[in-house]
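Common to both upcoming complexes is subunit A, partnered first by subunit B, then by subunit C.
Now for the complex of A and B:
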């Protein structure tokens, strides 16, 4: 059957074993790409003609911002799978995503603010992209708060899953309203980086860093997912066997 | 058994309005809250009408947003406490329609009074008479969207301890587009320019909210009742 792999993903022991096997691969791949990307971005790429070396923060900022959104979408997809097929592992995956996503969002905000200090002269500017990022952080925090407020695990799973799905429908609406809000109030911001005219020596390390952060996310997700499964299945008998093997 | 979904929804709407008329205190609270919050701004910024007019749209919208959030806690609470909500879920009627009826009643009892009261606060903040429709219409529409979005949050936080703060944390980020376009519409009206564009966007959100939010809210009610 073509769908067996999907059905097997519903079984916690199977997913736990799979995650344990995959974790080192993703860890090494992410580490190698981060080293390559940082070397390319910090050493090989030429300084920007306007911003000098300051632009190099993009190699952390852009991948973090990209991941923050990607993690939210992943979380919502996992949550929807959990809601629709009542799959416990999917709920565990969604729960594991939240803290990782919030961390990427905070990283994007912090690096954006540091970059803004150099470019705009202030740590915080009401730039539409920064504001959408901030609202995304609030969405992650709301999800985590709801999850921690409900004691019953099943109810917490389903309620937070619904919130994630509602949130993901709203993310594009929020993003565009913030964009239009700002365009009517002030001139577009100074930052015009990241446009296609970027030379290859700058662009290639950025793409490497994007791939590296994606792998890093998968690695972190697998680690957290294993912990989440252990916590949820702590009374199951397969846990003892699995832990004895390690 | 033969009652249609629409008839059942109408019955619930009538019931909620009648209940509210018997317990007036609960629905005066948001209005009093709105009045107090708008009074805080002249006291904390400046009594000069020229300065207040600059910030009037923001003040009115933030106060209306918070006031309507304050009332959201009551939306399902009493019915969940005495088991009525459970009976609704078991009744065989479409829970989506019933939740929609309750949300509509909530909007009629908080959003519409807020929209009607906002011009008074607006005039106190130096808004010209000609701009008053630019306060009433966007706030009436905006609070409708807020009630719809907030119903999801209110249903999700049913039975949670100290749900008020949590409800605010869940609902406010989702409500930001409403605030952005609503405040923009009112601001344009105060400046004496046409506020049609943000009003269209607000109406689009209302349409989207009416079609999608009750589905999510009824699913949330079912999750909370499980």
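Now for the complex of A and C:
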């Protein structure tokens, strides 16, 4: 009984229909929160007492970096579920993640670089946080290259899933890099125990942007997942009905 | 307004950060929708060609 939801998530027609129904909600919620977060971050938040208005980069940098990690963990968990239970939908979900993750890792690196130029005096430094985030980009790109190098979809699913699962060791390294090593990068100011080190006028827009990017990821994942399911269900009769409905 | 755009002298770093992130968000939406549209078109073509129901 408790496991019925899990079995239903293994059913491609069920997941396809569920994703179709959910996408507009996530799209509009993400769009509304992005507008609110941008207004809060650019207009309502006061300038930082040390960094002036340069600190406003945080409202695009932190959500992008959060997105890159969230996408990777989602991809690795889906890949592991696909490997362990041979679940086609899970492989489809993992395959949907890679391009999203790679692009937001680039956003995190590039906005961090622009932020670092004035605050650290350099666009790039071979720093533990920066290097581990760069490795995350290579993991996403390697995953995509591996998939496109294997023609057989099932073999591509299994091989790339293995890569995704092994690469997950990089995620705690990224998160703790600023604590384990001497890093130029600041330590976490939101994702830590106890009170965040930021006044509410600065913190609230950041939390809104983090929530917005989380919803954006779910939206992007659901749209791509539907495509991946269609690609895997080559001859299923439900596809005829599903496509006729749209 | 011009003071807002000036960003306390950090305009050259703040605005490119926001522009780049926005471009990546928009591109992701376009790519995801295009990927689904292509999969749908392929599935339709397969159905027409084979009448491929098991």
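The definition used in the following text is that the second predicted complex is superposed on the first by the 217 of 246 C-alpha atoms of A that agree within 3 Å, B and C clash if a C-alpha of one lies under 4 Å from a C-alpha of the other, contacts with A are read in each partner's own complex, and residues count from 1 in each chain.
Basically, a contact is a pair of C-beta atoms (placed from the backbone, for glycine too) under 8 Å apart; a residue touches a chain by one contact, two chains touch by 3 or more.
Everything numeric here is computed off the predicted structure, so don't read it as measured data.
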Worksheet item: So, does A:155 touch the first partner subunit B, the second partner subunit C, both, or neither?
Response: first
Practice prompt. Figure out whether A:234 sits in contact with subunit B (first) or subunit C (second), or with both, or with neither.
Written response: second
Discussion item. By residue count, which of the two partners contacts subunit A more extensively, subunit B or subunit C?
Written reply: C
Practice prompt. Check the residue A:170 against both partner chains and state whether it touches subunit B (first), subunit C (second), both, or neither.
Written response: first
Worksheet item: A:106 contacts which: subunit B (first), subunit C (second), both, neither?
Response: second
Discussion item. Under the stated touch criterion, which partner chain does A:198 make contact with: subunit B (first), subunit C (second), both, or neither?
Written reply: neither
Discussion item. Applying the document's definition of touch, where does A:139 land relative to subunit B and subunit C: first, second, both, or neither?
Written reply: first
Item to complete: Tell me which partner A:60 touches in the superposition: subunit B (first), subunit C (second), both or neither.
Response: second
Fill in: subunit B-touching residues of subunit A, taken from the complex the two chains share
135, 138-139, 141-142, 145-146, 149-150, 154-155, 158-159, 162-163, 165-167, 169-170, 173-174, 177-178, 180-181, 184
Practice prompt. Within their complex, state which residues of subunit A touch subunit C.
Written response: 34, 38, 42-43, 47, 52-54, 56-57, 60-61, 64, 99-100, 103-104, 106-107, 110-111, 114-115, 117-118, 216, 219-220, 223-224, 226-228, 230-231, 234-237, 239-240, 243, 246
Discussion item. Looking at the complex, which residues from subunit B come into contact with subunit A?
Written reply: 152, 156-157, 160-163, 166, 169-170, 172-174, 176-177, 180-181, 184, 201, 205, 208, 212, 216, 219-220, 223-224, 226
Practice prompt. Report the residues of subunit C in contact with subunit A in the complex, numbered from low to high.
Written response: 4, 7-10, 13-14, 16-18, 20-21, 24-25, 27-29, 31-33, 35-36, 38-40, 42-44, 46-47, 50, 52-54
